[in-house]
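Look at the two complexes coming up: subunit A is in both, with subunit B in one and subunit C in the other.
Here is the complex of A and B:
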């Protein structure tokens, strides 16, 4: 298996760094899937992750000036690697004002993803910082658990309010309750509710707008004001919101009553899907 | 002793104290004829730091009241640092700082004269002490490099703030390489990320080292001096020798000079076997300059134990300086070296000819700094087994 890629454009480098910072906030350990056209950061819904799963996808040609990979085999031309997300974001942090960034799969005492940053320096000599990120190659037989999650038909699909606002609300709510109800309707209303013995707090967001639903028939049957709700762990929601440092280009959430909430974001050209299951 | 610091120098003094606080818990303050010296050593005696402020640094400097002996004292670093804790405050509000040592009252008085007539007086209690003096000589080190501190400051940016140790070496093409050093753990399933920074020869004002030399030292302690040197815009020199020998970091300008002496890891294969640490087949840390077409190889082989920075020569110096960094008896916890460690008999191993002095230190260090899995602290087996010539 081989992989080597290079980024020379400053804007692409910054964008890639921001994505990796976001991933580092969302998942301590994640899977990086390399395929000829795409890179994916994957978190599958194992018990260890509390049932949360994540699927982040980017088109490699939007970032890399050079990209070569050779997967597991000709029929399975993909590479799945497990790594500590923070390592990648830390390595990329040094590339803030770099001339070029190279990433490649290497084996120096242990398999790693080597990130090599060529920095500008005062003198004409180049200054190189290299980071060897230890990785674990995921065997072929486990790939089936790491496929793109199927998005079930949502009961309600709604555009999200400004994530920063949501985050500050949820942050305060976290001090009161450990779980929260997220509910929304087809009338552009979304509520975040917490309830304890002593107090109930609800934050109402209005006029958010709803994307067109896939199946028109269901939308006609339903009362647009009817709320679809799901109880979730507040910390999981907070972790998701904390990862969004920059307001996304597009953000919507799909609620499947009492089953899960699915967040679908687009950061310029990188898509992020985040699934939080309902509390049982 | 009485001295007066004014203007911007107050902040410089404060920064120096911050720097020293990264090393040790006790500050040795000694007014000398050629200036005020502030020194410290860490609990395991593997790092020593000293700043000497020339008389010109002060608006007024009086080492000792006429007719009296030079006093010297030892104060808790925490106490002294608390006076200078907020550098921003020092810069904005403090106009003058007066430090005086009164033998009779046993108090070190630090008085900050601030704006608007505010005067803050700190009375710090001190202990009498022997002079803290490490024996080291930069000139005796075969390798040295000198560069503006800023270059090194930028170079260490890619390393995680929590990184304990770093390896510095010279690769092919005289490229200077800094590489994160991680003690390999026996059953570690999670490996640490390895970061390496490669600098060109042109970044250095002076580079006098053979290709292939490398030393590993504590980055955290080095950062103390580095941040001071960067803020003062000074050049930083690193004098070093073989792995195991202390590395000397120096800065200098017309008003002050600073020396940090740090222990470096030594190479001892046999040592590891003695301890029965079965996992110890550490691959040779190869420092490679990834940018150059040819991989660089380094001389640093299986590095297992830390060596003390200091050598003490009890009574050999014959100078007014009484060594007080002396050996403590064998397997003691690292915090133990204190004033009572001056007794000659305890320091005996170092004066016995043929016995490499650092042996006992090494055992102290080993327990205090590295504590790798399964390694006992007893020095005796070490002394017995590893009798190979040691620097």
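Here is the complex of A and C:
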């Protein structure tokens, strides 16, 4: 298996770094899937993750000036690696004003993803920093658990309000209850509710707009004011919101009543899908 | 105000808690804007250092801090005879430091006549399978002065380096680094108009034989040192860094000759992670305390560092007449800086 890629454009580098930071906030350990056209950061819905899953996808040609990979085999031309997200984001953080960034798969004393940063310096001599990030190669037989999650037909699909606002609301709510209800309808209304013995707090967001639903029939049967709701763990929602440092280009949320909430974001050209299951 | 009528100049060596001093000088902006004068003096009768701020409109704020007498350790270390000397702006080095994950205890510096490389210490990254191994090359052009006598790789405490760089960024002078082979101390030196600071760090010895070279003389100073050693001997040897901060010694003319010979030097140390002979620490140190002889490097199992700090002031005359008045304004370092070494013999 081989992998070798290079970024020379400053904007691409910064964007890649931001994505890596976001992943680090969303998942402590994640899987990096390398394929000829794409890079994916994957978190699968194991119990250890609390049932949360994540699928982040980017087109490699939007970032890398050079990209070569050789997967497991000709038929399975992919590489699946497990790494600690923070290691990657920290290494990339040092590449803020770099001239070039190279990433490659190496095997020094153990398999590593070597990130090599070429920096500008005051004088002519360029400064080079390398980071060997230890990784685990995921065997072929486990790949089936790491495929793109199927998005079930949502009951309601709605555009999200400004994420920073949502985050500050949820942060305050976290102090009162660990259990939150998200509900939305096809009239552009979204509510965040918490309920305890002593107090109920609801925050209403209006005029959010709804994207066109895939299947016409469900939208016609449904009363637009009817709320679809799901009960989730507030900390998981907060972790998701905290990971969004920059306001996304597009953000929408799909609710499957009492099953799960699915967040679908687009950060410029990188798509992020995040699934939070309902509390049983 | 302590009025000292004696003509003999006296010098006070004492310790003050950092926790007491920091809050007093915390808000730099408000200090600069509102304070007209600051007076620092001692009241030897009450063992207190008094810091007074004189504000506008006759407002005066007084802080009384208790001090403790102390006999600081001295280090014999001549930076001029070091094989390798570098000088660089602290900012550039601090930028390099950013590359290392903060959990690391040690960092290795590898130099050749052409380049300079900071890298994660091998000892550590081998143990932790999750640790990122980093290397940072800095071209020799970035240095104000770059003289390497021989290819060297030395390992020392990372936390100390970070602290020293943070401190040195406050001054605008370049930082000089003097070092030799592994095991021999490394000195970091800053020379500004107002401040000269020298930091001596212990480095990891490669093999036991190295550390027992003639340079690793270890003379001990009686009580304080043995107290210090006894106190720390019980500690778990893994990853514990022994810290020892000392003040610069007073100039010759003030101290009687006898005390000058009782100066202790920095011990070269072995790896803090070495667990063997943990129990031997107290034994060895006691023997080193009683005889002023070389301590075999293989039995040195702790790490500690010393910091010397001498304040330079223009008010030389005033100091001679009222030695007890001002602690911080004192300048006792002029003569000793001339030959660039710290030894007082």
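Quick notes on this one:
To be clear about the criterion, the second predicted complex is superposed on the first by the 280 of 280 C-alpha atoms of A that agree within 3 Å, B and C clash if a C-alpha of one lies under 4 Å from a C-alpha of the other, contacts with A are read in each partner's own complex, and residues count from 1 in each chain.
Following the convention adopted for this analysis, contacts are C-beta pairs under 8 Å (C-beta built on N, C-alpha and C of every residue); 3 or more make two chains touch, one makes a residue touch a chain.
Being a predicted model, the structure only gives us computed values, none of them experimental.
Aligning the shared subunit A places subunit B and subunit C in steric conflict. When the two structures are aligned on the shared chain, A:50 is found in touch with neither subunit B nor subunit C. In the superposed pair of complexes, A:129 makes contact with subunit B and with subunit C alike. Once chain A of one complex is fitted onto chain A of the other, the partner contacts of A:84 extend to both subunit B and subunit C.
Using the contact criterion defined above for the overlaid structures, shared-chain residue A:94 touches subunit B and also reaches subunit C. Of the two partner chains placed around the shared chain by superposition, neither subunit B nor subunit C is touched by A:149. For the contact definition in use here, the residues of subunit A common to its subunit B contact set and its subunit C contact set are 84, 87, 90-91, 94, 108-110, 112, 121-134.
In the complex of the two chains, the subunit C residues touching subunit A come out as 92, 96, 98-99, 101, 126, 129-142.
Contact residues on subunit A toward subunit C in their complex (touch as defined above): 84, 87, 90-91, 94, 108-110, 112, 121-134.
Interface residues of subunit A facing subunit B in the complex, by the touch rule stated above, are 84, 87, 90-91, 93-94, 108-110, 112, 114, 116-118, 121-134.
Subunit B contributes residues 151, 154-155, 157-158, 160, 190-203, 283, 289-291 to its touches with subunit A in the complex.
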